[in-house]
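Following: one structure in structure tokens, then a few remarks.
Labels run A, B, C, D, E, F, G and H following the written order; every chain starts at residue 1.
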Amino acid sequence: MNEKDNPTQQFVLDVERSERNRFVEAIFCEGKNLEQISQIIQMMMEKGENVFGTRLEKEKAIELVKQFQGFEYHSLSRTFSLMQKPPPLLKGTLAILAAGTSDTPVAEEAHQLAKFYGVDVKCFYDVGVAGIHRLLKRLPEIEVCDVAIVVAGMEGALPTVLGGLVSMPIIACPTSVGYGLHLGGLTPLAAMLNSCAEGISVVNIDNGFGAACAALRILRK
Amino acid sequence: MNEKDNPTQQFVLDVERSERNRFVEAIFCEGKNLEQISQIIQMMMEKGENVFGTRLEKEKAIELVKQFQGFEYHSLSRTFSLMQKPPPLLKGTLAILAAGTSDTPVAEEAHQLAKFYGVDVKCFYDVGVAGIHRLLKRLPEIEVCDVAIVVAGMEGALPTVLGGLVSMPIIACPTSVGYGLHLGGLTPLAAMLNSCAEGISVVNIDNGFGAACAALRILRK
Amino acid sequence: MNEKDNPTQQFVLDVERSERNRFVEAIFCEGKNLEQISQIIQMMMEKGENVFGTRLEKEKAIELVKQFQGFEYHSLSRTFSLMQKPPPLLKGTLAILAAGTSDTPVAEEAHQLAKFYGVDVKCFYDVGVAGIHRLLKRLPEIEVCDVAIVVAGMEGALPTVLGGLVSMPIIACPTSVGYGLHLGGLTPLAAMLNSCAEGISVVNIDNGFGAACAALRILRK
Amino acid sequence: MNEKDNPTQQFVLDVERSERNRFVEAIFCEGKNLEQISQIIQMMMEKGENVFGTRLEKEKAIELVKQFQGFEYHSLSRTFSLMQKPPPLLKGTLAILAAGTSDTPVAEEAHQLAKFYGVDVKCFYDVGVAGIHRLLKRLPEIEVCDVAIVVAGMEGALPTVLGGLVSMPIIACPTSVGYGLHLGGLTPLAAMLNSCAEGISVVNIDNGFGAACAALRILRK
Amino acid sequence: MNEKDNPTQQFVLDVERSERNRFVEAIFCEGKNLEQISQIIQMMMEKGENVFGTRLEKEKAIELVKQFQGFEYHSLSRTFSLMQKPPPLLKGTLAILAAGTSDTPVAEEAHQLAKFYGVDVKCFYDVGVAGIHRLLKRLPEIEVCDVAIVVAGMEGALPTVLGGLVSMPIIACPTSVGYGLHLGGLTPLAAMLNSCAEGISVVNIDNGFGAACAALRILRK
Amino acid sequence: MNEKDNPTQQFVLDVERSERNRFVEAIFCEGKNLEQISQIIQMMMEKGENVFGTRLEKEKAIELVKQFQGFEYHSLSRTFSLMQKPPPLLKGTLAILAAGTSDTPVAEEAHQLAKFYGVDVKCFYDVGVAGIHRLLKRLPEIEVCDVAIVVAGMEGALPTVLGGLVSMPIIACPTSVGYGLHLGGLTPLAAMLNSCAEGISVVNIDNGFGAACAALRILRK
Amino acid sequence: MNEKDNPTQQFVLDVERSERNRFVEAIFCEGKNLEQISQIIQMMMEKGENVFGTRLEKEKAIELVKQFQGFEYHSLSRTFSLMQKPPPLLKGTLAILAAGTSDTPVAEEAHQLAKFYGVDVKCFYDVGVAGIHRLLKRLPEIEVCDVAIVVAGMEGALPTVLGGLVSMPIIACPTSVGYGLHLGGLTPLAAMLNSCAEGISVVNIDNGFGAACAALRILRK
Amino acid sequence: MNEKDNPTQQFVLDVERSERNRFVEAIFCEGKNLEQISQIIQMMMEKGENVFGTRLEKEKAIELVKQFQGFEYHSLSRTFSLMQKPPPLLKGTLAILAAGTSDTPVAEEAHQLAKFYGVDVKCFYDVGVAGIHRLLKRLPEIEVCDVAIVVAGMEGALPTVLGGLVSMPIIACPTSVGYGLHLGGLTPLAAMLNSCAEGISVVNIDNGFGAACAALRILRK
């Protein structure tokens, strides 16, 4: 087919940003084709960087596993990583709570990113507040952690209840799990922003990646 | 002033509806002037009906107290009643819960309407879930009631937590208490509709009146 | 493929909630894969529980029928049930009304759940208010029931008309049936919340399951 | 005060439009000050036109009554008219229905405009569908009219029920009467647009003026 | 597969409504399967009715053509008709205008329904206002018609311009043609409702069927 | 009253920005008190700058006129200016069109800002498209200008019609004039963004100031 | 006036929550009357607590200053405090950035709350990104702080730019400063949630209080 | 299959518009089938026009390449062109900036259209503000251009930062790149409309075509 030349996409690693905010560039794979993803991984490997990506479909992952040695895909969270050097050790423990089974893919996106940066993570899944005793039973394990990420869809009430029970920093992450007047996650997002528990801060819907980055900024201090 | 005749508003009591669904017509005072409200009260009194109204401003109430003997105004809920005959006795107890102090006007609208129809009411205020122990302490008193109305603004999580703890019918009533991405009460309304506790039903924002009517339909059975 | 271990999902039955609010956990199948659903069914069977699920696609149902004896799939409502013991008998009759043919899948979700819990159900379908005489003709049969679930999409007017005609509890369930400025069911939802008939309470869009649970809370009293 | 000259506003009557679509320009008074309104009335009087205006506050009306002989203000609908010549006679009768008392200001805006153009109007107020027998009783009077305007707030169900009962043209006019998830009238507007009765057309929220103009286009044929 | 019996769907023709509002029931095919559509057609044929349906996918149409003699499918508008008796003749001409090429499927839905009821239709397509001379050239042909349906997506300005040029009844029909902040057709819908031309009434987004029904109500007078 | 010290607000003129983008800082007066506005004017005067401000209430203007010699207030647009040196002369003419009388305050905000920077402006008011001949008559005067700002509320159709008639740059400015489903100006904003005329660019609702700045960027080239 | 007894509001200090999450209850004064606020202050003073409140109108503050010795009102942020004991010292410095002058009331709400809890605060106001050099100049002072709160209205871009320049925790707080398609602050809220800088977490619109609480959770670690 | 005749679609070139606003009609291919697109290309070729189209899927492009000699498809932007005569030369240079890799398809739609009309274009991709130094480094190259198109998704902050740094006309084009509370591009659209940089004008979401047309109107002056 007689196709016009597409402009050569030249991905340039934003070195200055990485030095300043201490995050290596992660690859958001949604809307990128296999060639683009592959090209970026190649470039980062040449610079000796560890590589992390999100929202990678299984079909593409199968191809990338063949191309890159050490490429690991985590299917539940649709993330991947490729380690060239061990991450620096970080003090402190990150608690990740998820309200329901359907929220675990987002919780695991946070989990994988945190592991990528060497964070010690404890997961507390299926502790939604419709069965409040599930949360109360795990509280002693949770309150000894240093930061908490709380992932919830539906009505998004879990961060509020936890926020009244512990004094640690809490990063709330709403998910798009729900239907009807759920508005694609706007409901738990708005519920979390309107929490009557003091000092809950919030990231975008389904943004497990961002929640983990916010936790990292805290743990790195 | 040379004003054209307004059409004579002739309020007609909807007798057929009252006989069928057993609610006397309540007067929604918002947007009605003093003359209109006064005229409707007069007409209902002539038929020997008890009279109930909502959203009555204090200024108008002061005038109506002068006009009608037995007219009682409840300022917190902005409701009024005028009893000409005692209401029929109803079996069962209605629990009304409110999450925060600012939610009490709506809770009291429900309370006053329920009292108007002879319902036995128990109020549980300031039991929001950011301090979960407040709710847990009152649970034994709540769970012996027959129906619960749960009023909450902000993130609207109280009905969900209660719904996992008791088996009685629960009518959730969101309030417009909140700000920012609260959207005038849409946030707790949507949270209640998306509750992961089974069998929560919901009325409109700030609709304490409707919540009490729904409870009445249940208690009358 | 070289995939990282996913965390072992360990579904834990929320026994404490079931004892308190008298609902066994239902399986919301949307977004769960066959293995997850199968695993949860297995666990519930081992505890001797009856099992109920919603939003199950036909393809998965075909597999599950092979795996589990007694597994029954209801294709119109996309629900399934697996009975290990007869449900306790409940007094009272539940009326389920649906406005149009396209609303019947949601109405049937309510129907199936109610049957699962041993409720006596009478269905009144195709009684939408654009042909008001259809409803009026069936009224004598409806008004002898104890609770009504009213399912409607489009403009969602049916609960209002019924609410003026009967005194029983009414649970309105909007559906996503409509197009244009229907906003995925927000239109009938909002119409039902703004009903001028007294005491209509509402569940989420397409939430036949929740409507039946709300009815159960009433019938169990 | 040292104020810069405002540009001289020169209102120009759009004669060409009036000749083509047969409506004289009406004055939408909201956001216009007394001088502007007065100036436009003056200009139209000089051309020998009848004058009609909407959304005129009482304070301004009191002044205008003093300025212009024959100026008539209708306070319920906040419209005014000033007749210099009798309107041409129009065949046919216009039915105007309103669901509730609070909807009558909008219904009367339609009524006054129709009268201004010489239309024979019959009003049917307080016929909302929560008391369906009110509508059914008046049906014989309604169905002999030639066009119907149906005004309703809250859930906006009246046009749908009427639309199944009569074959005449129906213009539905939603009102902003309601609260909570009413969204300023979006709820009845959306309900009317999604009506399952065939051939309902709709005008903007609170637009009694526009509803009457649409009826006029039909009656003039 | 071991499937539970679905309740026998028994479609009942709403004879009373048809007699009253003079529309035979049309079949909205979206969300109905082939069996359901076929069954309804069969029933209507047995009553001797003409049959009309909307939103029928081509795949289903191919099957129905085989089943029913005289079944005609119109692919652009996705409507079908099956005539058993000639429609009654109607006086008057209906003008259907469409702003752009992409709006013609909706315009044709109106066209086909009008033809089904025996209306004389004149189509004026590709007369959008970004090229205003296209409309002005066709004006003499348009203004001799009796009613106009105006179909437009994008910014939806065509009904406003036409409304200032002619005095006939105008039914505006917005379409979902557009992208970005078009909101699925909300933009032209809102534009039409806010038209500064007097007396434009509006139907739902993409509702060519409803526009034609509204025109029919007018032409039948 | 015993009030804590408020932090001393120290307004710092952003000199670097002014040098780069050639706009002096304008004072957005909404939400600023008299002292703040006065202080900023003082500071700018000391630097020898001309001063311009928007959204200034008349009450504050009356005070400022007393404080500052040469302070001029334009009440229709609620803008003010204070010239210390003549603006540089700019080549080219700016056409400002407004659809209706109620849109002129926004049009005048653009007009006053343009005059402040020495632009030659021609105003064309009351040329809305419901009376299309008004626009067509003025077209020869408009098309010789170099840039056009088009201000419109309601359905916002004027930029589209003009955009098909002229080749100059067009900056569309929606206004909040309208009601019902107007959504505070979202309707004309969305209509303008969806214009089928090529190359219309848009500024925020009621942002006459921004429209003039965009025109200035063009005229300065 | 003959008013029914309002239920005695008995505010109960939520001691258990305070012990757990280390925040004393703050008084949200919006919607509370003078008596209610006064009563809560009294009760907290009796328990020996320091008292903090937000959204207090000046009129009420003037009265409270008279009632309570040591009551201090901060008019710009509309907060008050009443210290009975010195706050515990906290290590670390909190940077508070505000984009524009109009954002300072929200920034000061955060500032006052932080001071109430003994935090060392550095304010960086008027550093919005339309004049990017203002931010770059202050960067050395900012990057030595331990946590940053970033307050911005309009387009809300400041947290993104800062997030690429520093590695500390960043809490973004959108404000309702803006107009047109600003949607009461939804625009900067959504912009902050969609930031392409890693690890920005967000609080509700105008919620300076919550931002400071989130910072406190971090500094207390 | 027995299909009714579809009305013959007769595309008519809008010659008058092209002469007036100097844009040849572009083909918006979304929602048009291969036959329709082919027919329009044919007609334009016969008139000797150059042809340009947007949103063409690859599958259709492959067919059209076979049909028309000189047909060129640009896959990244999904545009095509077919040149029959060289475009007139235009003075001036257009800068096109894109914030992220995912925004390049929209940027390239602008690029291709500009090239089609003979504009000299310089592209600056991957200059988003989370890494502000990327933009600052390229500034000398950017500020010598005559007009800038700025394409950005996510939080859409790039036009604001650029707007404070340069004085040239800036056309901002938001993209739908983002997720969660991104609302399909509404977030960057609203951010751009609320920019605190003076004189940014905006086109619809993903409307690279419109941005280029707006730039052309400026460059043609």
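Throughout what follows, a contact is a pair of C-beta atoms (placed from the backbone, for glycine too) under 8 Å apart; a residue touches a chain by one contact, two chains touch by 3 or more.
Owing to the predicted nature of the structure, the values given are computational and were not obtained by experimental measurement.
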Spelling it out: a chain qualifies if it touches subunit C and also touches subunit G; which chains qualify? A, B
Please report how many Å separate the Cα centroid of subunit G from that of subunit H, as a whole number. 44
Hey, how far is the Cα centre of subunit F from the one of subunit H, in Å? 28
Between subunit B and subunit H, what distance separates the C-alpha centroids? Give it in angstrom. 55
Two or more partner chains touched - positions in subunit C: 17, 130-131, 163-165, 180-182, 186, 189, 193-194, 197, 204-205, 207
Tell me, which pairs of chains are in touch? A-B, A-C, A-G, A-H, B-C, B-D, B-G, C-D, C-E, D-E, D-F, E-F, E-H, F-G, F-H, G-H
Using the touch definition from the top, list the residues of subunit F that touch subunit G in their complex. 1-4, 6-7, 9, 11-12, 14, 16-17, 28, 30-32, 36, 174, 176, 184-186, 189, 204-207
Subunit C partner, complex, touching residues on subunit B are 17, 20-23, 26, 146-147, 163-171, 189, 193-194, 197-205, 207, 210-218, 220-221
Which part of subunit D faces subunit B closely enough to touch in the complex? 61-62, 65, 71-76, 101-102, 104, 108, 111, 123, 125-126, 130-131, 133-134, 177, 179-182
Residue numbers of subunit E touching subunit F in their complex, please. 99-100, 128-132, 136, 154-157, 160-161, 163-165, 178, 180-183, 186-197
